[in-house]
Structure formats: C-alpha cells, structure tokens
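Following are the structures in question.
Next come two complexes built around chain A: one with chain B, the other with chain C.
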Partner chain A sequence: MDGFFLFLNGLIWGLIIALIALGLTLIFGVMGIVNMAHGDFYMIGAVISYYIVSYLNNFWLSLIIVPLLAILLAAPLERFVLRPYEGFPSSSMIATVGISFIIQQLALAVYGGIPKKIVNPFPLDISMFGIYYPGYRMLVALISIVTLLFLWLFLYKTSFGILIRASMQDREMANAMGINVNRVLISTFAIGVVLATIGGVLAAPITQVFYLMGNDIVLLSFIVVVIGGLGSLKGTFITALALCAIEGVMASFLSPTQARVLTFLLMIVILMFKPSGIFKD
Partner chain B sequence: MTDIKRKININFITIPIFILLILMGFFLPEGVKSLVIHIMVLSIFAMAYDICLGFTNQCSLGHSIFFGVGAYGVALSIIHFQTGLLSSFFICIILGIILGLIAGIICVKLSEAYFVIVTAVFYAIFHLSAMNMTWLTGGDDGLAIHLPKISLRFVEISLYDKIINYYFVLLVLIVSYFILNRFVNSPLGKVFVAIKENEKRVKFLGYNVFLYKLIAFVISGTFAALSGGLYAITLRYASADFFSFHWSILPVVWCLIGGIGTLFGPWIGVAIMYIFQYYISSIWHYYLIIFGIIILLILRISKKGIFGYIIGRLQT
Partner chain C sequence: MKKSFVIVFFVMFLLTTFFIASVNTAEGQTAKKEPIRIGLIAEKTGGLAAYGYSHEKVIVAAINKVNKEGGISGRPIELFVEDTESKPSVGALKFRKLVETDKVDFVFNSNSSGIAIACAPIAKELKVPYFPCSSAAELAGEKGNRYVFQFATNVAQECKGAAEFAIKHIGKKWVTVVVDYAWGWSNEKEFTKYITEKGGKVLKSIRVPLGTGDWIPYLKGNIPKEAEAVYFANFGSDFLSFIRDLYVVRPDIKKLGAVYAISAQDPKKLGKEAEGLYCLTSYPTRLAGLNTQYNKTFRNLIGIDPEGKESGTGKYFIPAYNWTIWEAFFALKSAIEKSGWTSKADTPKLIQILEKMSFKESVEHPQGDKYIRAEDHISITGLYVEKIENGEIKVVAKIPAKDTIYTPMANRINESF
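Our next item is the complex of A and B:
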C-alpha cells in the first residue's frame, strides 16, 4: 500500500508541475521566451501565501490574492522589460536569468534565507482503499484539476483563447490577420505567471517555503515541456502526470534521489529514441 | 573580410592584457591578486564555453558537469592516488575528454531546444549523484586538498605561494588561449562558424556536421574540466556545489554579456561579474539585484554583448 501512497503523491505533484509547465509552454509558444524565472514566480506564490497565512491567518485567501498580485506583477514586466527579447531564445534566457537573480535576492532580503513551513490548512486524513491519505493533498488535486479545466475552457472555448492558440501556431500569420498582439502577449505572460504562482500556493503547505525553491522546479518543468513536445499543451499535461507518477512509484523502493536520477536517465533514453518529444503533433 | 579584422583585433587586445597581467603579478595587493586569479581561472571556463555556444551555436546548460568532474578529477587523484599536481591535471583533462565524448555522442545529435534540456538533465543527474555519494565526493561540505609541490629540475615550487599560484594560473590561461585561438582560426574553426551561421547548408556541402559539433563539444568540455581543476587547486577544495545549476548558467551569462563568438568577450563578462561581486558585495549584500539589472540593460542595448557591440561599432 506504501507504493500506492507514493504513486498518489507523485500524481498530485504531477498536477502541480502540470500547472507550472503549462504556463511555461504558453509563454514559450506564444512569445518565444525561454523563461528561466518561471520557478521564481512559483516561489513568489509560496512566499506571498506564507505572508498571508501569518498576517491574515487564512490560507484560502491566498488563492484569490496571489493570482491578482501576479497579474499586477506580470503585465508591466512583460510590457516594459521582456518585450525586446521576445523571439530571441538565448537572449531571453539570459534576460530572464537576470530577472530571476533580482527576484531571488529580493525574496532573500525581504523573506530571509531560512526555509519555513506553512501549517497544514486542512488537517484531515481521508480514508481510501485502506490507506489514510492527507486531505489537503486531495484538495490540491481538486483545485489543480479545476484550474486546468478553466484553462482548457479559456483556451479552447473562448474567442480570446483561440487568438492565443493561433499566435502559438504561427505568430506572424496571427499578426497579419489583425490580431491585437500586444494584448495577446501581455495576457499570455500573465496567465503563465498566474499558473506558476497558483502552483506555488498549492505546493507551499506540502513543501518548505524557501527562496531557492524554484530552482528544482524550473528544471523539472522544462524537462516536462520538452518531452511533451515543445508547444503541445496536451503533451505537457500528460508528461507531467506520467513523469511524476513514475518517480513516485520508483521512490517506493529507492531513495528519492536515486528515483529522480533514474527518472532523468529514463528521459535521456526517451529523447535519444524520440528526439522531438512524445506528443509532437 | 570581417574575419580578418576580428582576428587582428583580438590579438591586439589580448597580448597587451597578458603583458599587463605578467607585470601586475608583482605589484598587486593580496586581495586583488586572489580576485585576479579567480577571474583568470573562470576566464578559461568562459572561453571553453564560448567554443560551444559562440562558434557552433550549441547552448549547453550542462557545462557544470565538466567543471565539477575536472575539480574532482584533480582533488580525488591527489587525495587517493597521491599523484603530483601536473599528472593530476593530466588525469583531469583525460576525464574531460572522455566525459565530453560520452555526453556529446548522446546530446549533439539533438536539435536546439532538446539539446539544451538534455544537457540540463545531465547536470541534474551529476549534481544529484554528487550530493548523494558523500563517501566519494564529500557532498555539500566538499573535500579539502593538500597541494603537493611541483618539482622542476632544480627547485621545488609550491602553489601555496600566492605569486606562484598567480603565474601558474596565468600560464595555463595563456596556453589555453593560444590553443583555442589556433583552433578557432584553423579551417576547423571556419567550419564551426559556418555551422553556427547555417547548419543545413554546411550539411549540403558535404561536411559531417555531427562530427564537427562533437569536436567542438569535446574541446569545450576539456577546457571546462581544466578550468574546474584549476579552480579546485586555487580554492584547495572541491565540493558537490561545483556541479550545481549556478555553474551551468554562469558561463552562459558571461558569454552573452561579454559577447559570444569572440573568445575575448567572455573574459569581460567574467571580469565584470567578479569585480562587481568583490567590491559591491562588501557594501551591499544583495548585489545580485544590481547585477540582474545590468544583465537586462546590456542585453537591451546589444544582443551581441559588450565586446560584440564594440566590434560592431569598429567595423561600421
């Protein structure tokens, strides 16, 4: 049953990673920016929710406040800082590394360098198939699935979402068709950042809140994005779930580090034989 | 035409700098001397990385594996096999070549974004394993090295002496600069540049692109390993931190700030970063904020970095 527990854990991490990685895919696909600061937006989400918990004493408020703050942060950042680097992958990579330095050091200055924990906001175990599973993780799964559903509805059912997907497929053509690219760019970046911060908020009570917590996440979500086939939303989602579940299962009979190393080796093998990702359409 | 100009430019700049560095060794105060040693060691790393990114357009995020393997190659061979300093450097270079071949054969075939990620996965594997295998690597605490003396025919010199350390590093820097410069200006280097400009066309001309990219990757990895070994010698310790993401992303930052594809440009990147760190960090702890702003500004003004901007100005 231990294995099942870890498998579920893996799946729920997979949902969080899927949120973050989908933001990354959107930003890369629409804007051509390799966003190395994505993990730091995740960290910002966690840090702000830490402050909300300690001052307002209510964790659930952060699910509303953090996305709003994220939009306020992301929109000017895209318009005034990142705009000149769009479409230049390597320059944008270094520019976002610069932004990542700034965010991390600001967090270090304000929040401090000591990892802290948020009290579990939903301390209830759910009994299921003979094991007791932490209720908060179940809620995390629920919230991420709802968020992903909203994202899907937005991207596939609203006209603005269709504009975003059109710019993702062929930016020049979208431009030529008279799409207001300015609005599309700003809102895409904002959506990406909001997804990352929601991931951070959800992950905060499960992990430790630390100013460098984004560094592991950014690599993992990049890997997910690439293996899923660059720019493929469906692929990103499935890969995130699959990879984290595999890692969870492996963690049941190996140490966590060994499990991660093995997962990474598996990815290298996959990319050797399928050099353009699994779900390239 | 532009290439001839660039070549003259570079030697006109670097040789006076070497002479200046040779002369400066006698006058510099201790603190500044260790700063300059630091910059020189990492300049080798930056140049090595430039061969990869600037000449064949392979943006690797996994160069910390070479850096770390070089550092541990030197450290472990001194600790466990009691090798002399020079033979441990020999081991470190051999390790760099072997690792470059293994990683290169797997990665180089992949197209751009996939290459970036697979090299990044390599770094992650090495970093996690190094943190995990504390019996071998010492983990985060690292291993301290006691430096053996180098015996020349008549005298024995010890790198514990700052001046000797300085000239040793400078010698390695000069030698590796001239080797790399020779590579870049040879027909091989021309093929590298051609691959950077248009890979498909080079393939149509009948060159084995895979082989040339692999050569560039291996050269780059070898010199990165050499730099890692020197770094371990200078700090007299090696730790699993040498494999971390920090050391993977820094060379990219140096190269893009300084100017890719110029060999000399990355030095500027390294110098700016470390002079900045040395002087500002004592005043303000969060100097990386300013550094981030500087990165954004430099890239905003010129996507080719500082030296690329200067060259562009000189040529027009």
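Our next item is the complex of A and C:
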C-alpha cells in the first residue's frame, strides 16, 4: 500500500514536471533555444502565487493572474532579448543563464532569501483503494491533466497549433510556406513560460517557495526532455510520468535520495544506448 | 612676473595650510581610542535567512547599548557583517575575510552547525575567539577547540535534559526525523543515546535533506505502527512541510521537537497538525514563560513584544537562540574588562578568564544563571518544554541545569593556544 501511495505521489509530481518539461521542449523544438531560465519561470509562478495568497487571500486567483503576467513577461523577453539567439542552442544557453541570474537576484531582492510556505488551499483528504491521499495533490493532478489536455487540443486541433508543429519540424520550410514565424515564435515562448509558471503555482502549496526552487526542477525537466528525445512532445510527456512514478516506487524501498541517484543512473544507461532519447525519430 | 609670483605664493600657502590641517586631523584620530572590531557571520540569505536577520538585529542592539554606555574599556565597538548564504563553504570564506581583511578581533554567530563546525578550526588557525550560536554537540567535542565558546545549549545537553520528560509524559517507542546535516545528525545521535539510557527505544531514524518541500516519500512506510512518538529536528518551512505531511501519514502520533522547531511560527495558523505538539527550548517563546524584569528589558532592547513579534513589523521573530548571541557578547565584554585585553596578544589571557566565568541572571544574561564549563567551553544552564495547546504556546515544564549536565567529551584546559 505504501508503494502504491508513493507511486501515486510520483505520478502527481510527474504531471507537474510534464507541464514544465513540455514548455522546455516546445521552446527548444520551435525556437532552437535551450532555456536555462525555465526553472526560474516556475519559481516566478510560485512566488507570485505566494503574494496573491498573502494580499488577496485567494490561492485560486493565482491560476488566472499568473498565466496573464507570464505572457506579459515572456513576450518582450522573446522579442527583445532572445530573438537574436534563436536557432543557436549553445549561445542561447549563455543568454538564458544570464536571464536566470537576473530573475533569481530580482526575486532575492524583492521576495527575500527565506523559504516560505503557502497554506494548503484544499485541506481535504481523499480515500482511494483504502488509503488516504491529500486532496490538494489529487486536485493538482486534475488541473495538470486539464491543462495538458488543452495544450494537446491547441497543438493538434487548431490551425495555429499546426503552424507551431510545422515550425518545429522545419522552420525554414514553414517560413517559405508563408507562415508568420515571428508570431509563432513569440507565442511558443509565451506558452512555454505559462506552462512553467502554472507548474510553479500548483507546486507552491506542496513544496517551499524559495528563490532558488527552480534549480532542482530545471535539472529534472532537462533529464525528462533529453530522455524523451529533444523536441518530442509525446516523448517528454511519457518520460515525465514514467520517471517520476518509477522514482516514487523506488522511494518505497530506498531512501528518496538514493532513488534520485538511481534515476540519474537510468538516464546514463538510456543515453548510452539511445543517445538522442527514446522517442526521437 | 610679479603677478605670477603672487599666484604661486598663494597656491603654496593653500597647500601648506591644507597639509597642516590634514596632519592635525590624523593626529586627532589617533588620539581617539581605536575601536574593538567585531565580526558577525550571519545567514542573511538561503534556508536560514530568518535566523541571520534576527541575530544581526540582536548584536546591533547589544553593540548600540554598549557604545551608548561608553564602549568596552572606553573603546567603541565596530561591527562587520558578512552573509554566509547558509552554506558552510561560504561561511568559512567569510570568516577568513572578516579576520584577514576587516581585521576583526572576535567573531560571533552562525547558527548553522555546518558553518560553525567549518569555522571552528579557522578560529584556532587565526587565533580569534569565536562564539557560534550553533548547538551541535560536536563543537563541545572533537570539532571544537580552545578558541570556540558555545553559549547555546548544545544538542547533548538538550537531549539529556529532555529524555526523562519524553519517557514520562510522551512515550517509550520513538522515531527520529531530522534534517540531513550536522545539527540533525547530532539530534538523532544524542536523542537515541539518552532515550535508550532512560529505558525507551528508537525504532527508526529518518533523515530528510534541508529544504525538502515534499516529505511524504520520506515518511510514508517508514514509521512503524507501534511507534508512539516522533522526535523531530527541523525548523522554518521544513517544519511546516513536516507537520503537514506527518499528519497525512500518521495523524495520531505524538511529537516532540528539538529547540527551534516552533520559533517564529504563529501557532494559531499551524492548525490541527500541530495541536498537542511538544517542543524543547532554552528560551521561552512568549514572555509569560519567563516573566522577569530582566527578560522584559532584554526583549524591549532587541525589539520584540511579549508575544514574540517584532516591533514595527508585527512579524513573529525567532527568539530561540537570540539570547546566546546577546549573552556571549556581554560575557566577552566582562572578559575584556577583567583581563585588561587591548590587542590580540592578550587573547590567551582573555580565554583563560572566560573559562572561569559564571553569570547571574541580569539584563546582560536574561536567560538565567549559568556558567562556562572550562573543559569543553559550553554554558551550563536550564531548559524549557513548550506545548501547543488550543493554538497557544505554553511552557509546560522547566528542566533544571543539573539535569542537562553530561560528562565532557573534551578537555581544553591543557590545549595550547
């Protein structure tokens, strides 16, 4: 039973990681940018949500306000800072590390260096197969699934989604076909940032809100993206769930720290045999 | 020709006047007494930032008080503060910077055991008396030295003092849950030792990395059914995550926290997860727990109200070990005055004086009577047990100093300077 509980817990973290990693892979796939600041957008989501809870006393408002603020932040960042680096992954890493430092130091200056906690906004336990599970975590799973469903509908069922996927497959050809690539670029970056900030908002009540909280998450997200196959949406989603669930199960008989070590070992083994990731065509 | 001569003469006159004036000022400055330089390594950022903030505030209040009253032996105190970022490697570097660049004579603080342990050998190497606020018992053992004085009650004292209360009032079968660094390990080791001595048993020991947001993977499946109580060593947001997730895993289990756990927490906001929780402390969180005139004055001087909130901001302050930095500073003041310390050459004499000192309850020593044990440089004093009842923190037991005394693990008296 403990194993199942931890498997479930892993799966929920997997959904949060999927939100973040999908943004990362979208940004890489469409823009050719390795976004080292992605974890910091996750942090921004959590920090803004902390302020919303403190001042407006309503956690759920964060799920509306934070994505809007994320768009306002992402659009100028893409247009004025990142555009010259698009298509140059190595130099984009340097640029985004710079952005990451700026965001972290701004958060340190404004929010402070003390980790803070958001009170559980949904303090209800849910019984499932005879075990109690914190209701908020189940809600996180639900919200993540709905968000991911919307993302899927957007990318696969709308014409703009098709433009994004076309640009992911071949940017030059997409441009030659008359697709307004600039519009695609700015929207993709905004979608990626919005996903990361939603991840931050959802994770805030089950973790600690801290200006360096993005560092761990961005590492795990990169592992997911690399194992899943750089730029593969399906691969990223499946890997995020699988990796976190496996880590959860391993945590039932190992310490969580040892489980994380095994995850890294797993990554090394997979990359030895499949250097471009499992789902890369 | 005449005109240029007048200009040259005028310029020379100005230069000479300026030179004489500057020589006079320099002489005036040397005539003033050289300040005593004191360094503070504080956790201003990182996981322990709230503690660094409170400790800096306390030492500033202590220095302001002394400077207003004429300084120490007529010399003013100058404070140099460095941020350790809550990291031992940074703390050790900053310790060196304070001594080597800022030329401080004494160093205070770091309530991070990892940082204090990293700095202790540097204090000896640079021959600077060091007063950490850490409570790691290792500082009183092999990790300390003759230059290190530990004013905070250490974990060995705390666990020895608490063991009897824990067995009598809480339970016999325990699980320890500690943060995975020096202070946590120290708590795990000492609690297990003293609870076993008193006839109890620790069924399982769990370590969790500092700053973990999700404690469920660490707790779920790891707390045996027969366990009656958890002894935990964590604080700040770790504590909040811990009680939240422990409640999910074992809502019925009793809890005893190491010193610090409920510091700066608003008990009303902790909810059912924390109701009935016991916590050790060397200094009561509320004024009501130690309602003396000295303690009132101390709290006024450092700017906290009877509830433990900071004046001005209304935020809960962290009083747990603030008294240690305050009292260590005034102990140093007395030692400087008694030993006639004027420069680093007098430091060995000052240390010998400190080793023999005892203190009566006063504004300078508001926590109560105590003495420094010469062998291992710890301060011997009493403890309190607090409990959260109906959303209020109350002192439910006082542990006298004699119950906390354990056999010293070191003997510094013959250690060379």
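In this text, the second predicted complex is superposed on the first by the 281 of 281 C-alpha atoms of A that agree within 3 Å, B and C clash if a C-alpha of one lies under 4 Å from a C-alpha of the other, contacts with A are read in each partner's own complex, and residues count from 1 in each chain.
Throughout what follows, a contact is a pair of C-beta atoms (placed from the backbone, for glycine too) under 8 Å apart; a residue touches a chain by one contact, two chains touch by 3 or more.
Bear in mind the structure is a predicted one, so any value in this text is a computation, not a measurement.
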Query - Touching partner for A:D2 - first (chain B), second (chain C), both, neither - result: second
Query raised in the report: Between chain B (first) and chain C (second), which does A:T207 come into contact with in this model arrangement: first, second, both, or neither?
Result: second
**Report entry** Which of chain B and chain C A:P76 touches, first, second, both or neither
**Finding:** neither
Requested in this report: In the overlay, answer first, second, both or neither for which of chain B and chain C A:S255 touches.
Outcome: both
Query raised in the report: Does the superposition put A:P134 against chain B (first), chain C (second), both, or neither?
Result: second
Query raised in the report: So, A:G87: does it touch chain B (first), chain C (second), both, or neither?
Result: neither
Report task. Please work out whether A:G113 is in contact with chain B alone, chain C alone, both, or neither, and reply first, second, both or neither. Result -> second
Requested in this report: Counting touched residues of chain A, say whether chain B or chain C comes out ahead.
Outcome: B
Query - Overlapping contact positions on chain A, where the chain C interface meets the chain B interface - result: 108, 255, 257
Query - Complex interface listing, chain A residues touching chain C - result: 2-3, 5-6, 9-10, 13, 108, 112-117, 119-120, 125, 132-134, 203, 206-208, 210, 213, 248, 251-252, 255-257, 259
**Report entry** Interface residues, chain B side, partner chain A - complex
**Finding:** 53, 59, 106, 109-114, 116-118, 120-122, 124-125, 128-129, 131-132, 245, 249, 252-253, 256-257, 285-286, 288-289, 291-296, 299-300, 303
Query raised in the report: In their shared complex, at which residues does chain A touch chain B?
Result: 34, 36, 81, 84-85, 88-91, 93-95, 97-102, 104-106, 108-109, 215, 219, 222-223, 226, 230, 255, 257-258, 260-261, 264-265, 267-268, 271-272, 275-277
**Report entry** chain C residues within the chain A interface of the complex
**Finding:** 44-47, 49-50, 53, 180, 207, 209, 211, 213-214, 216-218, 220-221, 236-238, 240-241, 244, 248, 269
